[in-house]
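Each of the next two complexes has subunit A plus one more chain, namely subunit B in the first and subunit C in the second.
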Partner chain A sequence: MKQFSILMQKEWRENIRNYKIYWVPAIFILLGITEPVVNFFLPQILQSSGGLPEGAVFEFPTPPPEQILAAVMEQFQTIGMAVLILAYMGTVAGERKSGTATLLYVRPLSFPAYFLSKWVVASAISLVSVWVGFLAGYYYTLLFFDRVEGMELFQMVGTYSIWVLLIVSIIVAASAAMPNGGLAAAVAFAIYLILQLTDGLFGAAWSISPVKLPQYAAAWLADSPDSGSLTGAIGIAALIILALLVFGSWISWKNKAKTKV
Partner chain B sequence: MDQTTLVLALLPILIIQFALMIFALVDLIKNPNPNGPKWMWGILIVVINIIGPILYFVVGRRNY
Partner chain C sequence: MSILEVEKLTKRYGQESAVEDLSFVLEKETATALIGPNGAGKTTSLSMLADLLSPSSGKITVAEGLTIGFLPQYPQFFPWLTALEFTEMAAKLSGIESKKARLQASRTLGFVGLESAMNKKTGTFSGGMKQRLGLAQAIVHQPKLLLLDEPISALDPTGRREIMDLLKALQRDTTILYSTHILNDAEEMTDQLLFMKDGRLIEQGSLNNVKKRHASPHIRIRFANPNQAAEFAGRLTWERELKGAVVFLPVYKNGPSMQQVLEVLSSEKQDILGVDYQTASLEEIFLKVVAAK
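Coming up: the complex of A and B.
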């Protein structure tokens, strides 16, 4: 336990020094703000981008605020996840390469504590980023469009947070398993795409799937998702996260010989 | 919504972009050994907004 708290401090300090605690939330806030703003100015943007005859009139129905928040989530699903992968692809692999790892591995290090400290800090920063991003999106939706029920937002963000935790676990485990950050990013991207693809192909017949969590999150805005499938999906996600934590601790122990001295 | 409130509402986007840019530039100036030529990173950070600073933080600082 003592090791864990010390490793946490080290991890936290590292994230401050490489500015991750600033730029990861900044990106999510930008993504959250941009979506409502772009939707609000869509008629003007279309008009000024040209190619339209003089005097063309547009009738744009105002999109419902729930749809804007769902669109914010879509942005997080693509650009946001890519940012998380870029930010944490090197969390273990980069350390092995830069030599920080030698300083740690020569000591009697508990690898579960080591891996867990990385996972906890990466998850904390990712979750806070996603939350402030949604908060910014919520505020701008309120400003430009209309109110969304606070409870609905809360439920949606809560469900989506579990998905974020799952993705962060995949990224950190991939970083522990791969020899360098680039490969870890490639593996994490590949897993992410394969998950989306299989859900697209077979998802209709398979409602209890953690890949469906973002859809269930968006479903809170319109209605409520099927509670049975939701709890099932959350349960499976929790199991996968646990398995990834065990796998990550084991593989970071096994790969310690790959450290550059 | 009138013009001034609109500008005020859009101000945070600009502030975040500038903050990212300045953070990245300050770090680049202090960095003794960036991954690639310094002038190139300087141009990337200033010209490509949002993505330039991120690329610098991820690739240029060698902490991947």
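Coming up: the complex of A and C.
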């Protein structure tokens, strides 16, 4: 526990001093704002882009606010996840490759504390980024369209947060397993795509698949997801996260010999 | 009293052997120099002793409760941490109580000469400052055994002298094992020499013993011209070697002592320019041993 708090402090300092604590949330806020703003100004954007016959008239149905927030989540699912991968791909692998890990590994280090400190800080910054991103999206949706029930938003963000934790766990574990940040990013991205593809192709009947968590999160806005399926998906996600934490601690220890001396 | 014993330590990568059958003992509060050309297996050996690498076979036995400090050849630091923050973290991770860690860290930074730079970020440090900080993080928890991989190689002559002086001060109550290829410096701080080549130990012993075995000490007598030298050499009964105007008399192999030589020279009529005692430097011995094995 003592080592965990020492290493947490180190991670925290790193994320503050390399500005990750600012730029990751900033990108999510930008992504959150883009969807309602673009939707609201779409007619003007099309008109100003030119090339349209004179007198052309466009009529856009006003999208419901729930649809705007679901589209914000879509942005997080693509660009947002790529940002998280880029931000944390080198969290373990980068330290080993540069040799900065060597001076940690030569001490009586607890590798679970080491891995967990990285996971906790990466998760905290990712979750806060997603939350402020949704909050920004919600504010502009409220401003330009209509309001969404606070409870619905809360449930959606809560469910989506479990998915974010799962993705962060995959990224940090990939970083611990791979020899460098680039390979860690490739592996994390490949796992992310394979999960989505497999669930999309064969997962129609897999109601408790954690890959469906974003779907269930969006479902809170329309109605509410099937509680049995949601609980099952959260349970499976929690088990996978736990397994990734154990794997990440073990592989960090196993790979300590790969640190640059 | 030994604090570390290494028996038949071996590290292989596939068919390649980085270290093979390495055996030696480190006695308490002694300095041992691990000497070898690039690729000899010095860093691999130190990495195994520092528990960064697992040996393929062999045994490392350490004294109970032994604490170890390690300085890699090119220590890398988190550039966004200050020297004090880094050293304090190193102290805490090595088991120093949080309350004492900061004080201990600032004292250690003062000892290595980084007092005025302790609040600067390590990313701004020069090579010499990094080497000092590397030493600080290795000794901040007052380890009983210090493993140093080329601690002075990257430094300029002034920096080398300062670090050597620090190491000599530490040697009073710490056992030091360090690798180096700057043999003149090794000569002034070593109780034991370990020569490595191609992953194997090819010579070991105290500096005196190694010198006795390989240094070929001799007395050199310089004459004004080669004829005088040849004439003098012709009259000697000792083993000798003539090179131009210089006569060499081996000291070992039943050779004469300096006193005996001076007695002979006192009655000599030839013009003698000088007489001195010569022995091979550690570098010459090392080159000779490496070439022979």
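We adopt the following convention: the second predicted complex is superposed on the first by the 261 of 261 C-alpha atoms of A that agree within 3 Å, B and C clash if a C-alpha of one lies under 4 Å from a C-alpha of the other, contacts with A are read in each partner's own complex, and residues count from 1 in each chain.
Rule of thumb we're sticking to: a residue touches a chain if its C-beta (ideal position, glycine included) is under 8 Å from a C-beta of that chain, and two chains touch if they have at least 3 such contacts.
Everything numeric in this text was worked out from a predicted model, so none of it was measured.
Asker: Figure out whether A:Ala257 sits in contact with subunit B (first) or subunit C (second), or with both, or with neither.
Answerer: second
Asker: Return first, second, both or neither, reflecting whether A:Leu86 touches subunit B, subunit C, both chains, or no partner chain.
Answerer: After superposition on chain A, A:Leu86 lies in contact with subunit B alone.
Asker: First (subunit B), second (subunit C), both or neither: which does A:Ala26 touch?
Answerer: first
Asker: One more residue to check, A:Lys10. First (subunit B), second (subunit C), both or neither?
Answerer: Touch partner of A:Lys10: subunit C, not subunit B.
Asker: In the superposed arrangement, which partner chain does A:Gly181 touch: subunit B (first), subunit C (second), both, or neither?
Answerer: first
Asker: In the superposed arrangement, which partner chain does A:Ser98 touch: subunit B (first), subunit C (second), both, or neither?
Answerer: Both subunit B and subunit C are touched by A:Ser98.
Asker: Who does A:Leu109 touch here: subunit B (first), subunit C (second), both, or neither?
Answerer: In the superposed model, A:Leu109 contacts subunit C only, not subunit B.
Asker: Is there a shared patch on subunit A that both subunit B and subunit C touch, and which residues make it up?
Answerer: Looking at subunit A, the two contact sets intersect at 18, 98.
Asker: Residue numbers of subunit B touching subunit A in their complex, please.
Answerer: 1, 9-10, 12-13, 16-17, 19-20, 23, 27, 50, 53-54, 57-58, 61-64
Asker: Hey, which residues of subunit A end up touching subunit B in the complex?
Answerer: The touching residues are 18-20, 22-23, 26-27, 29-30, 33-34, 37, 83, 86-87, 89-90, 93-94, 98, 136, 140, 143-144, 180-182.
Asker: Which bits of subunit A are touching subunit C when the two form their complex?
Answerer: Of all residues in subunit A, those touching subunit C are 2-3, 6-7, 9-10, 13-14, 17-18, 98-100, 102-109, 256-257, 259-261.
Asker: Could you pull out which subunit C residues touch subunit A in their complex?
Answerer: 43, 46-47, 50-54, 68, 70, 72-78, 80-81, 85, 89-90, 92-95, 98, 134, 137, 149
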